[in-house]
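Please read through the structure below; I'll follow up with questions.
Going by the order they are written in, the chains are A, B, C, D, E and F; count residues from 1 in each one.
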Amino acid sequence: MRILVVNANTSEIVTEKVGAQARASAAPGTEIVAVTGRFGGRVIGSRAEHAIGEHSTIALVSEHAPGCDAVVIAVSYDTGLRGARELLPVPVVGMTEAGLLTACMLGGRIGVITFGRRVLPLYHELAASYGLAARIAGWRVLESAAAYQRGAHDELDRELVASALDLVERDGAETIVLTGAVMAGVPMRLQKDVPVPLIDCMACAVRQAELLVHLGLPKPRTGSYAAPSGRELINVDAAVAARFAAAG
Amino acid sequence: MRILVVNANTSEIVTEKVGAQARASAAPGTEIVAVTGRFGGRVIGSRAEHAIGEHSTIALVSEHAPGCDAVVIAVSYDTGLRGARELLPVPVVGMTEAGLLTACMLGGRIGVITFGRRVLPLYHELAASYGLAARIAGWRVLESAAAYQRGAHDELDRELVASALDLVERDGAETIVLTGAVMAGVPMRLQKDVPVPLIDCMACAVRQAELLVHLGLPKPRTGSYAAPSGRELINVDAAVAARFAAAG
Amino acid sequence: MRILVVNANTSEIVTEKVGAQARASAAPGTEIVAVTGRFGGRVIGSRAEHAIGEHSTIALVSEHAPGCDAVVIAVSYDTGLRGARELLPVPVVGMTEAGLLTACMLGGRIGVITFGRRVLPLYHELAASYGLAARIAGWRVLESAAAYQRGAHDELDRELVASALDLVERDGAETIVLTGAVMAGVPMRLQKDVPVPLIDCMACAVRQAELLVHLGLPKPRTGSYAAPSGRELINVDAAVAARFAAAG
Amino acid sequence: MRILVVNANTSEIVTEKVGAQARASAAPGTEIVAVTGRFGGRVIGSRAEHAIGEHSTIALVSEHAPGCDAVVIAVSYDTGLRGARELLPVPVVGMTEAGLLTACMLGGRIGVITFGRRVLPLYHELAASYGLAARIAGWRVLESAAAYQRGAHDELDRELVASALDLVERDGAETIVLTGAVMAGVPMRLQKDVPVPLIDCMACAVRQAELLVHLGLPKPRTGSYAAPSGRELINVDAAVAARFAAAG
Amino acid sequence: MRILVVNANTSEIVTEKVGAQARASAAPGTEIVAVTGRFGGRVIGSRAEHAIGEHSTIALVSEHAPGCDAVVIAVSYDTGLRGARELLPVPVVGMTEAGLLTACMLGGRIGVITFGRRVLPLYHELAASYGLAARIAGWRVLESAAAYQRGAHDELDRELVASALDLVERDGAETIVLTGAVMAGVPMRLQKDVPVPLIDCMACAVRQAELLVHLGLPKPRTGSYAAPSGRELINVDAAVAARFAAAG
Amino acid sequence: MRILVVNANTSEIVTEKVGAQARASAAPGTEIVAVTGRFGGRVIGSRAEHAIGEHSTIALVSEHAPGCDAVVIAVSYDTGLRGARELLPVPVVGMTEAGLLTACMLGGRIGVITFGRRVLPLYHELAASYGLAARIAGWRVLESAAAYQRGAHDELDRELVASALDLVERDGAETIVLTGAVMAGVPMRLQKDVPVPLIDCMACAVRQAELLVHLGLPKPRTGSYAAPSGRELINVDAAVAARFAAAG
């Protein structure tokens, strides 16, 4: 099985991190193809960069999805998820969506840790858009940018654990979802210090993508996730234009 | 991997059906152990039988879960799910829960087909208890009991397809979840006649159980899903008493 | 009038307490019959014990409800409420349900005091299952086990009052519901120190049960609360089997 | 016990009907005092008449509540309920509120029958304001004005039964609440033709008012239902002015 | 254009303040007519005074709305809004409603500052009644009565700014709505110290009223906001009686 | 005042229509600048085109917003609204958002008419994302493409009126919002045949943009709508890159 991991950020370091964690999380025999955005923000951190990233995701999947069995959106705002899911004939899973839905299967309410006060409302809106607002016990925000650098991150680790414990203690969280593409792999390292499951969104997304492939469900032929077909787009990548003309 | 499939109904035929579909849905190398309730209703079809079934599930998992890597609740009301999830050190997945959460990953709102007007409110309440009420596009109820008999079910098949099409057409459902333990395997047969994905809850539950095993998340050490420990129960099965005394 | 007070816990002390408060709360002429669970947990304090308690309630009401005019569930998770309500021809009221709905008639949002962080999510889920989440101003949890012992409980009393005042002050609670079967009778003692009504769930439940008897509403003949009939159950108490075979 | 039944409509016929049904519903020994609005609409049937009725209720209870143990609002929009509840030292219950909350204790979702399409949104808003929107299965509206005339109402009875059956059949209602002050007493007559409980709001309100009196809960000393005190109002009835000046 | 500003409080000082701010906020050429309640509370601060104020609003608009192009409700509970909107042929806007809806157009969740803990629940209920509960980030309450006096209010200003900053910092508010009729004009003065938009409800209400006039939408001819017609009211102002008789 | 009307569709005809209606709706002295998308779909009609359109909106406003006092998003999915609102120092209003929020000020629940079953879920999601789901009475979908052609559209007009009447009659809608950029101007023509206000989203958006300009609220300096600053984007239009580098 081949899974396309789509990072609409234009930073290779994020792609490396999510690609590595995707490979570490995947079942034996699953090949991971990780690609990086060609235009837009280095690390999407604003609503306007997210808007550009939506297009970037469409461009990336139009070019790279052929030959892949499933796609994982590796930006924690699930940037471009709905459009890519509609456009492609294969399953598309968002990393935060997968983390939240997998957490639901552990029972109880979910604590969520995010990065950057500025973008916290985007996560609120994302969880609400999945109809999961009632499943969220609480939110915590870290401001550290350490995760984007290589090397050890002891201080960040301490903050993460403290936030998780606080979510458990004060908000009654029964699982913790750690958002952020660069956080891929971190939960495994910190799990021993957290008394409830600490969810790695990338690991969930890769496994859920595999699961959907195994279920073998068909592409919808009607509704808002049916493939658009015979539509003319102008001034877009050839791969994008071809996908819209051909799909369906 | 060994997955325990727990049917709190006291009818072997349901166990056979869900066991067969569980085996058909599982990954290569997954062993399915399907067990049948020893007390209570033949086929749970009332709130009071469901209440007895809650206990039955606890009794079944106390006896049979040791040696298994995960548990699937094979009654479509997810009877006993929360108690078993708390009690056991391994993942426990409800079949309807798994079907609904998996459907969420396909995008859009979900149409749900159930059996028996009398128990429709139980499904409403179940979906609401998962915080998923906003994801439901609509409900359809069939009254047929044909599924509990062996042999072909052409009439039932036609009703199922008609219900699915109606959910798509009138309620805008973008996926269809077919509930009912005895429906395991039916979606695969009818998918060709339905223009959106038709979800087999048992297939989802087995695959999600495998996924949770692969994620290797720890048992919570605190909260309402931590294992109870050192608790004395009276007049229950020895396996149940031992589980409550030892757990934690 | 004769009201059956059903304590699915297997501890006589809880039965004594709720029975005494039920008698103190009832109208003149109401006879209270209080019964204790014969199997399961001493004091239900986990999801799995609650699951067993669901069955226990069905067993208790099958044996003891004949000859009674109404039933009160005297476990604060309202354990077995829905099943018993369906099964019996007489009104069945849960003590927490009755406390919350009565509080609604006083106006404003409700503060709820519970015992044990571990089980707080069960109360969240219970209130949500009644559709009353929007009526809850806030929650406070006490960890004391003093209530299960005889004698004075000054320390517990102080904690209860402090929690109530905090709910009023910080969360804007306009009434306080004190959950917990062993708390029956406590609100009357502490009311003088709390500036908003302090609700005794057992008192509410007994009075609401009497009220429903006086209204004389019929048993539903259809829907999920109609009596099941002609159903064969195996390996259950004779009274249970008879009830399912005969009901309807 | 003496219960004041407050009809802010300025039509005696409604007062007679609700008074009679209040007497028929009350416990032995309860005295019913029914009063009629002195200004405003004949039968409140618009938002603007309801606004005037809010004042009318305050005026009526300021004059007549002294000496009464509880108050029932006998307009089906529960006109003036919150203000009267705040102002008075005794329990105040709205008839529709009481009907809905009592119906909750029967389990399942509620079908509601109202009169006049024009005012249906007011009932929607009322149920939502009580936090009960999720408990409503569906609504039906009748246009008949027959209820305001004396004599037999066979046609109206047929429409009511048909609406109730339709709510049960199509919307899955498990109880039916019949709103409308002039409908007091009708449910008892039609219950035999409806397979689920048919709720008489006035009967519920009187019984719930008695129940609150028996519980003996204190007037809140803080919050939005504490009595206002020492407030000067101008150009209002002497009884109203006195009540605001003295209360608290 | 002429806009009627309706203050159902019976205090001229509030009318002066809201009238002045209305004039300051209005477009050139808009004439503001501000009127004061003739009966009821000095400054509505309780549910019962609000109930009387509902009638007062109807009386004021019945007398003064003829000749005006729109009406603004200048009591922060939007007292009488729905009734006046139904009754009159011209647009009617509530000041808090207008503040909240305008804030929605700035994006994100709204922090709300109110006066008086006692009446905070009324604002909760108001926001919920507009279906906007999910848009509210948090609430802060001030107890100061300074605003009702003339002169500088430095201490109050500091408290307002501190509350606004706290809503931004801790609750993630992205705009702040300052309720209270006497607060009209204050946001402009304090905006420089608050890092997100600080909304003046009166300014919004006047501008939204103008906007609705310019849109030129017709009065509904059906539904709960169609004008009542041909209705007989007793013992009300002649203007009120005439309005109900004539409307429609 | 100058308002930029942004049509991320790449069809001039839509720009012409919305520009004309914007001009017709604007206050005297307001200049309308209408621009057309340079890349992407002809008429956005799928999730993937919408994703590309998000970027297109950012590109258009980066180039054309300087010198304008406000921006109106003239695609009925409010494509790019949140990103543009964050990025720009001037108010940005979405046409559907403006239509819905303005409708709220008329009172009651809103019926919404959309075009194309396929994209109905996008409107559901849009209304829910504004927190307005509870304000929607119902939805109707038309499939006509006539609106994209010039000339008379009698058949379409008849369908629109029939849909509006049905929303009023069956769903209790008290206002009707007509979505779709090409529908700009149509409500004025059809209003006479519809008994409740028929809302023109473009007219509302232009007027609301003017209103926000007049209110003179500042750009937020913190939160998710503060301007991003000093951010490096690659391979985007020079105007986009400059905007992200300079903003803040």
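Worth a mention:
One rule holds for everything that comes next: a contact is a pair of C-beta atoms (placed from the backbone, for glycine too) under 8 Å apart; a residue touches a chain by one contact, two chains touch by 3 or more.
Please read all numbers here as calculations on a predicted model, not as lab measurements.
Ranked by how far their CA centres sit from the centre of chain A, the chains are topped by D. At the interface between chain E and chain F, two copies of one sequence, more than half of the residue numbers in use are shared by both copies.
In terms of their C-alpha centroids, the spacing between chain A and chain B amounts to 27 Å.
Centre to centre, using the average C-alpha position, chain A and chain E are separated by 44 Å.
Distance from the chain A centre to the chain D centre is 52 Å, each centre being the mean of its Cα atoms.
Across the assembly, chain F contributes residues 82, 85-86, 108, 120-121, 128, 133-134, 172, 174, 222-225 that each touch 2 or more other chains.
Contacts between chains form some other arrangement here, matching none of path, ring, star or all-to-all. The full set of touching chain pairs reads A-B, A-C, A-E, A-F, B-C, B-D, B-F, C-D, C-E, D-E, D-F, E-F. Contact residues of chain C toward chain D in the complex are 27, 82, 85-86, 91, 93, 97-98, 101-102, 104-108, 130-135, 168, 172-175, 191, 195-200, 203-204, 207-208, 210-212, 214-215, 217-218, 220-225. Residues 10, 38-42, 45-52, 54-58, 80, 82-87, 117-122, 125, 128-129, 222-226, 228, 231-236, 240, 244 of chain B touch chain C in their complex. Looking at the complex, you find that chain C touches chain E at residues 108-109, 134, 172, 174.
Contacts from chain F toward chain B in the complex involve residues 117, 120-121, 124, 128, 133.
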